[in-house]
Amino acid sequence: PEKLAAFQARIDAGEKIEPKDWMPEGYRKTLIRQIGQHAHSEIVGQLPEGNWITRAPSLERKAILLAKVQDEAGHGLYLYGAAETLGVSRDELTEMLLDGRMKYSSIFNYPTLTWADMGAVGWLVDGAAIMNQVPLQRTSYGPYARAMVRICKEESFHQRQGFHIMMQMAKGTEAQRRMAQDALDRFWYPSLMMFGPSDKDSVHSAQSMKWRIKMNTNDELRQKFVDQTVPQAEYLGLTVPDPDLAWNEEKGGYDFTEPDWSEFHDVLRGNGPCNRERLEARNRAWDDGAWVREGMMAHAAKRRAAKVAAE
Amino acid sequence: PEKLAAFQARIDAGEKIEPKDWMPEGYRKTLIRQIGQHAHSEIVGQLPEGNWITRAPSLERKAILLAKVQDEAGHGLYLYGAAETLGVSRDELTEMLLDGRMKYSSIFNYPTLTWADMGAVGWLVDGAAIMNQVPLQRTSYGPYARAMVRICKEESFHQRQGFHIMMQMAKGTEAQRRMAQDALDRFWYPSLMMFGPSDKDSVHSAQSMKWRIKMNTNDELRQKFVDQTVPQAEYLGLTVPDPDLAWNEEKGGYDFTEPDWSEFHDVLRGNGPCNRERLEARNRAWDDGAWVREGMMAHAAKRRAAKVAAE
Amino acid sequence: MSALFEFLCRQGDSTLILGQRLGEWCGHAPALEEDIALANVALDLIGQTQMWLGLATEVEGAVRDADDLAMRRDVWDFRNLLLVEQPNGDFGQTTMRQWLFDQFHVLQLERLCDSADDRVAAIAAKAVKEVRYHLERSSGTVIALGDGTEESHGRMQAALDRLWPYAGEMFESDAIDAELAEAGIAPEPADLRAPWDVAVDATLAEATLTRPESDFTQTGGRSGKRHSEHLGHLLAQMQWLPRAYPDARW
Amino acid sequence: MSALFEFLCRQGDSTLILGQRLGEWCGHAPALEEDIALANVALDLIGQTQMWLGLATEVEGAVRDADDLAMRRDVWDFRNLLLVEQPNGDFGQTTMRQWLFDQFHVLQLERLCDSADDRVAAIAAKAVKEVRYHLERSSGTVIALGDGTEESHGRMQAALDRLWPYAGEMFESDAIDAELAEAGIAPEPADLRAPWDVAVDATLAEATLTRPESDFTQTGGRSGKRHSEHLGHLLAQMQWLPRAYPDARW
């Protein structure tokens, strides 16, 4: 309890906790869950965008998309690295993803159906992600905070690219405008869900905020996201699919319709449109790749043995 | 030897040999090889055309192509049936195809690369096949001759469909004409090879002709094919890719360049453009389908047992 | 867009996409008889597509033809069931998908034979004969493989579990269905559920397969709101040629 | 069609098709590091494609752009090597294909750095740096997996045996090559064979893999005379979107 008080005092003083420092088990566990989930999201997040790499409409767009998924895999690497400082290996985390013990962001259980979805994912999904992540650059756990700094820089670049795709389509042909609107229609509510359930239904939040693992409440961030995104949609000439959306002068933000939380819970339970495909794809990659990983390790071992023998 | 003489006398008299009749072992073996090879060709022949079913340019064309490959599978059934009357099962024949002991027509080792190939295959490949098969309606082995009668009727229908595709393209846009010409360029010589090596290099021919298993020499049929096809190409406004092609008034047929027999032998040896793909596809179908065949048989056995028990 | 047009697209798109999927099997089936049967069913379905989409374009005012609908629309304009756009998987999955659909299809077409719209009734009368045969074959195969070996049983149960969440969409009713039911043109899909359940349960029992407990339903195909990622890949292949040569006639 | 244009298409089509194939791996690689590496190599290759095809259209007279070449030609107009259009297969096959090509690619680009055509030399100078890294990585992986476990060795040998018949096409010389060699623009491909053989044999030895005996060579990609059936399917996917919306800019 004394240790605990000292720990909390450090956090309150804005100090960073480092891997070798003492920390409460709950802090460690919560961080592992949160960082792991975030890492998994980067990995699974390759799939909906990877779905369009082979169908990108131009060489330039193909290159940009390739660069983006490469960044995402890189984010996965940083984050698994940060999680490893907490004493859990990448392989352990991966197996928890693959057998369903750990989650990834529900948004990636929605399909990407047209090229406009590449825009919507960048604009809305990366936009929501950034909204979540920017405050985490100041989170209490050092390795996590530093990973976030690198990630946020790239994410905001991705978000601009996504918005650019949308702009290109919004000022394009009629079919393109229709495609862009359709993408917004499908991704709007799932994006709002990315901030998690309403504060009144959100568990764990208080403790996480005290530990500065979570910096804002779900509803705060969601409001901020809506307030930022609605004018962008207007700028694009697209209609947010919410008839009750309205500026509320008093609160200085938009009133908006909450997402359908029963859908959110269905997706969490595995009933999203793509849960099965996503997990199957990752399991297949892992299983099919086993011989490669084993071959690499066997070769490395031979090399080391040869080196030792030579010395 | 007496039996042999009587057998030959029956053949010379134009009688049909039936499954229960006595026949020389060589006759039986040659027939099994020939009918089996023909059956295998129908089966493997589904693949190059199947390659375009999912990409047919209209619903009508998709339907026609589906009907055609269905016919081909049907031909395979008749022919395996005819071979079975000679005491070899369909499964035995299939395994000989799959492990390379038996061949199929080399033409199916060439790829189908554009929609015009669906025309060229019908026009040239089915055309050459018919040229081979029409005389076989009069072959000495009864079940084979009867299978050929049914097959020839459908094949000539396919050939007309193929020619119709070519006509449609030849009178179409410039790109379509180019596509049609490209298909003719690629399929001309492989089609000429379908009649087998030049008579002077052809083994087994004499005995087979004596037995009326083979009715014409390879070169006779090839000449007939060229004489029939060149005017059709002219009608289509396409150029046969043979600069030395010329009408020979004296022999009443065309002089033409022989195909490159070294290519023919390469393909026979397994080095054609698609040998590997074709055999892999058939092997995969067979292996992946094992559980289905076993399941069906197990269920049939259960049914039989239940029926016996009920009686 | 009239309700009738929408309904006809739903009919024709489902037969089109399922026919397209079956066409992928060509030359790859477990036995020659299955190659023949798959091509035959695909052929029937493409023929039905020509009739349904042909009537759709007629209803629309003949500004385009059935091939335009098949070859020139993007994902969002397709109205096929999610079930039929699911990938072939193994032969068990293909058979299961076919049977779940055939059982619905027969019940629906039988009702459509009495449609107040003569053109719809005429198409249904022709199609129902074909589809009864499809059902006979697919239910027979489900039974044989369900009650076959341990492996075939396991694969069929896995196929059933996998595809079950897509079955419910066949019985979804929306405003379009209500309008057509009101006009006596087509039955409310929801009304077909009970007889489908009876028939399906009977076949499953014979096949020794267990009906999944959850009735959670994936939707979005029939309404066009959200197809699966599979459809776009299917369309890329199906439509490439006519889109690559827009001026050509074939 | 000038020889230079044809040569530039051969260059750009091979990098395009290989880049496209690598793009199919996204999210499916055996390890995160491989996901990153595959995307990275694909990205380099698409970048090189933009340069080669960009120059091709310039040479042609700027009537179309690199995207037109990539997205609006049919199979017969593609000039990529058969090797690069082969399907990905397992990771061993993808790696083997990459290595066979990288080893050629480095040797070719090194020579192209001295091209009499400054524009060609400039592209080569930029590309060769990237491709040296590709080779380092692919040869390292071939060695590690060849000399890894029994299974990985077997898979790498199978991949080598399977792809070997497509290697010879890289060294085929025809009239176009002769014309470019004459003009000092590009080396005769046949001249690259000997150094390639030396390098390949060295790596194979380290990888404990056996060089196939037959040097039978499949041809028809580089000349465009006869691609494999795989290319058409690849193009259907790659080109569908721009072909579906011919007026759109993205």
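Order as written gives the chain letters A, B, C and D; numbering starts at 1 within each chain.
Criterion: a contact is a pair of C-beta atoms (placed from the backbone, for glycine too) under 8 Å apart; a residue touches a chain by one contact, two chains touch by 3 or more.
Values in this document were obtained by computation on a predicted structure and should not be read as measured data.
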>> Counting hops between chains that touch, how far apart are chain B and chain C?
In response: 1
> Taking each chain's centre as the mean of its CA atoms, which one is farthest from the centre of chain C?
Replying inline: D
> For the chain pairs A-D and A-C, which is connected through the larger number of C-beta pairs in contact?
Replying inline: A-D
> Just how far, in Å, is the C-alpha centre of chain B from the one of chain A?
Replying inline: 57
> Hey, how far is the Cα centre of chain B from the one of chain D, in Å?
Replying inline: 36
>> If I count partner chains per residue in chain C, which residues reach a count of at least 2?
In response: 74, 236-237, 240
>> Could you pull out the residues of chain B that touch at least 2 other chains?
In response: 55, 175
>> Thinking of each chain as a vertex joined to the chains it touches, would you call that graph a line, ring, star, complete, or other?
In response: other
> What chain pairs are in touch here?
Replying inline: A-C, A-D, B-C, B-D, C-D
> Across the complex, what residues on chain B touch chain D?
Replying inline: 48, 51, 55, 110-114, 175, 178-179, 182, 186, 266, 271, 273-274, 276-277
> Can you list the chain C residues touching chain D in their complex?
Replying inline: 74, 233, 235-237, 239-240, 243-244, 246
> Which residues of chain D touch chain A in their complex?
Replying inline: 16, 19-20, 23-24, 26-36, 39-40, 42-43, 46-47, 49-50, 53, 66-67, 70-71, 90-92, 143-145, 147-149, 151-153, 155, 237-238, 240-242, 245, 247-250
> So in the complex, which bits of chain D are touching chain B?
Replying inline: 74-76, 162, 165, 216, 218, 220, 225-229, 231-232, 236
> Which chain B residues qualify as touching chain C in the complex?
Replying inline: 43-44, 46-47, 49-50, 53-63, 66-67, 69-70, 73-74, 76-77, 80, 90, 115, 165, 168-169, 172-173, 175-176, 281-282, 284-286, 288-300, 302
